[in-house]
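Shared between the two complexes below is chain A, which pairs with chain B and chain C, respectively.
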Partner chain A sequence: MSIDDLGSWIDESGPAVRRRVRLLMLLDAADYAVISPVSTSRLHALVFLADVLSPVYGFSSLAKRIMKRRIGPYFPDIQWEVDRLVGQGLIDVSGLKKVVEGERVFLDASFTLNRGRAAPILQQLDDEFLSLKDFFRELAGALATVPDSDLDSATQADVTWETGNQGTVIDYGEWRAKNYSQMSADRIGELATEKWGLIANELSPGAKVNLYVQYLKRAANV
Partner chain B sequence: MSESLAQQLSVSASKEELLRAVAAEDIDQIPLEFGDHARFLVCAVRAVAKRADQCDICVFVHSDAPRADAESHGFSRISHMQDGNGELADRIVLTNRDAYNGFAYQVANGTIDTLIDEIERLSFGTKMAVIWDGQARVATFYPEGVASETVHNRLSVPVDDGDLSQDEVCAALNLIYQDNLSNPSGRTLKLWSDGKLIRAAEDEIERQIKGQMYTYFAGQSRPIKVLSQTHTTAGRCDLVLAQKQQNGKLQLSGVIELKVLRGPQAKDIESTKEGLSQGYHYRMELGLPFATLALFDVSASPNNDDSILTKDQHADHVAEVRVRRFPIYNSPQAWRNAQAA
Partner chain C sequence: MAVRFPIYTYLKVDGFQMYPGTSDAPGICHEFTPGLHLVAGVNGLGKSTLLLILYHGLMGPAAIRNDDFGVAKPELVLRRDADRFRKRVADAAKDASAEVHFRIGNDHYEIIRSLHDLSLIGWKINGAEQLPDDKLYTTSVSTSMSVGSFADVAMILNLIVFMFEDRGLLMWSQHAQRNVLRSLFMPPDVANTFVDAAKAVSSANSAYRNKLYIANLDKKKLEKDRAALASADSLSVEYNTLQMGILAHSEALESLRDRRGLLTQSREDARTTFETAKWQYDEILREIEALKLARIASAFPKAEESSHYVLARLIGDEECLSCGADGGPLIEKWMKSVSSGCCLVCGADQHAQEAVVPLVAVDAARLTKAEARLKKARQSLANAEDSEKQLSAEFDQVQIEIDRLVAEKSANEKRVVQIAGSLPPSPPAVAELETRVKQQQEELARLRREQTDAEFEFSKVFEPFKNLVEQKADAIRHKFGNRISEFLVEKAEISLAHIRSPVGEGGQAYDWPTFQLSMTSGSFDSPSPRRNRTDVSMSQGEFIDLAFRLALIEVAAEEGPSSMVFDAPEASLDALFMRRAGAFLAEFAKDNAENRLIVTSNLTNADMIPALFGAYEPEEGDPQPQPIPREQRRSRVIDLLTLAAPTSAVALVRGRYRNMLDIALFPPSGSGKPGL
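Then we have the complex of A and B:
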């Protein structure tokens, strides 16, 4: 893929391109936080938390809804894009293994950004999406502090995830627009402001994201 | 958040309770509000300080892609450094601004010189770096990498693990001043442009002091949070220090008010009066154990004598607020002249 091709690829519109851009930036953030290779479950957990916490940074959620599954967040359309990016050589795969969920068998793997090939795209993305990059770095950095053994329970302690019933769709932005994760992050900000008597000292989005991940860590261990 | 939303989140009382606990006890987990440079410095120093065994020497090198940079150089992964995990002694650590996970490479016969040589051999010479000298307990920060060795600042971090005190805050201010502000050739704080004091001198000083204070306490592995521009009913405090107690609660310990003295003396006395009043009222308002007023003298003839500025001030204010005056010189020559005098 030439630089020009990459440029036009980024300039394309549509949810598929936005999903790919976000995926590459998330994997870049995971790389920066030194948590890659990222397992499928961790990648989808990262995508989910990035989606529900996007409004904290003023971004729109992309998926807006998710099917609540027993094993945690999983977006089929995101996985489809991951597979395309693997095919394009922008993401490397390692650790292939099978996972059994009920009567179904899936292939699990870990993913790493192919930095050599993705660098020109990321450079272009950095210029255009600086605050999105900061958000993803903050989130991946905060999640890096969650021990691997707690990650599943921490993700499932997410307030939006908890509101849904297993086997049903959780809508956090499409029709109901009730994003409990964002509300909780904002609520922590509010409580911190109250607690410290710091009138009008609003917490930054990065601070809220970090504190929300602290909440997930605590909730995972309750 | 409107009441209705708060109520929705309170469906489970335990959830609201957890949110409250995070807001009350985990505020020290919030990353620094300022840029990646200061964040990297503080986190690198804190990673060293977290270790039970004292590390004599190590270097942290910032990388946007630690894994890719470490590849093919024999680095091995190091995780959870902020929790005290992993060997750091005699190592070059490639990591990010949070110095939490990274890749480490051991250098035989680790000295500052061999580590710097190795960094340059690995082509990391232009990457932001922090060298920790555990024997001297000094962190030296190279914002442009060790290749630009003259562009650096340093901070001494004495061992201390008691409750935060007024004496200690003054000692920290003295060290920060000695290390980075007293000698203009050695400091990186840029207060003058074309011979004129910059407009945002107060902001620059506050940013510098806050970052250095943070690093100082991080180096002692003490749970102290430095909050800036905190609004209270008595006004806006420059820096508030809060310490986490053994029961996990954060407690406000003290306030530092910062003022820049530009001269003439009558005006400086007015600035001191305002600073004393602010320090006094913040201390009373927040019920703080101490308040400190740090005066940074950038006038044509800077000096460290605060008595002339405090002698006719409100006695209560002078009694409750400790004052320190720091002369800041605008050129190496002015500094040399002052030393000679």
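Then we have the complex of A and C:
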């Protein structure tokens, strides 16, 4: 499959394929940031922050909405795509275990990219989505410094997450134009440029994402 | 009866700080004997001011309105700069006066005016004291000069007798020529009838044109309104249709927006339900996987965790993670094996299996319940997804319809505004305008008749005027030719042309007799027309105009005397022409034994003085001088070096200036001949 074909094929193949592409690239970024294997909760936190901060890099969000639950960001349909990628041998599972939390029983696991099988695909994806790759690597790198134990509170500090109520859907781009995380990252970028005397818009999107994660860490007292 | 020109005979200026005079003889006192008189001085001593005193001594504070000498009927007004003398001195000329004597025909006038405001203090005629009344005075002067009015006196003084430095030139002013020719050649009563008739034509034409302007505006508006009315039906239909359309759109939009409001809520509810269903389904799925995991792990102890994960999912959700298919043929068998404790590899019954390691039992009851819940959850998920899709589609449809209606309504509203701007006025307003236009047309017809009547009356006086000028034309042309040949090397002549133009700005045109100049030059051997002032040089223009004035004086006065007052004739002259100019002017002084020529001259350009007095030895191209006897010369000079308040320059080098004057008046002998 040529590179040109790949882009249009992904565009035409619907949200499931786009989700899988992003998942592979995110796990690749996690490898890059040396945080693999990635726990289920960290994986979903990564997916969520990548989605709400996509506009900072000029990408549109993919899910555009999330049901707010006490356990933190979790996208059932994203998990189903993870499962499919496991079935296809592109993602490896480790630390598989049964977890019992009161009435709730579930399987927990950590995920790693199976680089051997995924490498040819990623090579094409990297060429096609170079800036998306940069974005994910910036984000994974920034979040690498947040230990799993603090990840939950850091994600809870995200302004998009914070604006919703438990049990309701948070809309950050599906029907509403407002994406508070993007606005906050941009504003933090502006404040930084003012503080450092830089010319407006000079701050790169990567720097903005890093500053925003710094903000999340401070807000969560990490 | 021929026009009589004023002959200045005496001037006395008293109490005017510009001219303190001498201790023996304060002020200025000068008798103008026949012939040349010179006002000599340098810049700032008041040469031109002295000529102005002569002018205002006769004219007083009257001036032609706007200094416009070309109007149909020149009218006199009080001049705005009647303070021109008092502004020149520190004491505002409170006690300053000028006594001017002049003769017009046989009438001797003695006038005393205040230099503060030019008012008449007293006047005598032929020695008899008169009431200091301006009206009496001006009427008397007009009668003595045998012209129609004091405005004609002003005309003659400004355009014939006085040549000031800022002089307008009669030769190139067609309209001023009309008035001057009329003043000079028409009998006073006819001249007055002429200007009144001309004024009537001009006024009638002006009234007609003003009314025409307004009437045309209304007429055009009426035509526009009528055209608008003619297309009113189709416009009105469109306007009403659009208004109804806008109303229908508003109502439809209101209903659609209500519907959208409801759908917004329903759609959000459906989305929440869908997301919740996903969660519930996922939770149950993960529970089932967890319940089965240990069993799978014990069956495939060496398999990788990914395989356990795949298998757990396979027997949890009946979906093959490997290929993505649902409900493959082996799935039911696998699920049954897990639930009943059969071997997952071969399907052997639990009892037939070797119990090498303890078998991991599955919580069958919980698993059964969970699987039942999963089935329900799967159904709920499918329902919620359908519901969300349906409501979203419905919402989108409503939104598309709203956008379409808003765009249509906006376009209709724009068109309505356009139409409203071009809707015709109400029929009563058009009817009112029609009446007004009709009245205006009647008024215009009346004014046109008045103008025609006025033109008819004017024609009756115009023809005699034209004939008179034509009768005099040859004489004027002849005298001009004689005069100008004394000055110009080029051949110059004037001819009478008939320039067709109306009295005012419009109406009937008349063939106005107008003198026009032709002249030879380096480029033209035969005389070519010089219709503009700029077609000749500055000095040529002035002397041509002077020759024209003198020709007019001679013909109009029928050999009677005149004064000619010329401010700084040397100003624009080439030095080599100075003697020709001097001889030219001196000739006038000799033409008539009573003529007075009063000239100012600046000592810094003193060549003009010997030229005027004929005190030079002729060189190549010079006219033969006719010297004024030496003993007469002093008495013909108003010496401002002595009489005027000195400027700083004069105070500094008065001796040198005086010497210059003496040399100019009495040049030292040259070429072995006795002093001239």
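Methods note: the second predicted complex is superposed on the first by the 201 of 222 C-alpha atoms of A that agree within 3 Å, B and C clash if a C-alpha of one lies under 4 Å from a C-alpha of the other, contacts with A are read in each partner's own complex, and residues count from 1 in each chain.
By definition in this document, a contact is a pair of C-beta atoms (placed from the backbone, for glycine too) under 8 Å apart; a residue touches a chain by one contact, two chains touch by 3 or more.
Note that the coordinates shown come from a computational prediction; the quantities given were computed from them, not determined experimentally.
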{"item": "Clash-or-fit label for the pair chain B, chain C on chain A", "value": "fit"}
{"item": "Chain B versus chain C as contact partner of A:Val105, first or second or both or neither", "value": "second"}
{"item": "Contacts of A:Val169 with chain B and chain C, given as first, second, both or neither", "value": "second"}
{"item": "Angular separation of chain B and chain C about chain A, which is computed from CA centres of the superposed model and rounded to the nearest 10 °", "value": "70"}
{"item": "Which superposed partner A:Thr145 touches (first chain B, second chain C, both, neither)", "value": "first"}
{"item": "Which of chain B and chain C A:Tyr32 touches, first, second, both or neither", "value": "first"}
{"item": "Superposition-derived comparison: chain B or chain C, residues of chain A touched", "value": "B"}
{"item": "Contacts of A:Arg70 with chain B and chain C, given as first, second, both or neither", "value": "neither"}
{"item": "Minimum C-alpha spacing, chains overlaid - chain B and chain C, in Å", "value": "17"}
{"item": "Of all residues in chain B, those that touch chain A in their complex", "value": "1, 5-6, 8-9, 14-15, 18-24, 26-27, 29-31, 33, 64-68, 77, 79-80, 82, 95-98, 100-103, 227, 229-233, 242, 250, 252, 286"}
{"item": "Residues of chain C touching chain A in the complex", "value": "267-268, 271-272, 275-276, 278-279, 281-283, 286-287, 289-291, 293-294, 304-306, 308-310, 312-313, 320-324"}
{"item": "Residue ranges of chain A in contact with chain B within the complex", "value": "31-36, 112, 115-116, 137-138, 141, 144-145, 159, 178, 180, 183-184, 186-192, 194-201, 203-204, 206-207, 210-211, 214-215, 218-219, 222"}
{"item": "Residues on chain A engaged by chain C in the complex (per definition of touch)", "value": "65-67, 69, 74, 76-77, 79-80, 83-84, 86-89, 91-96, 98-99, 104-107, 109, 167-169, 175"}
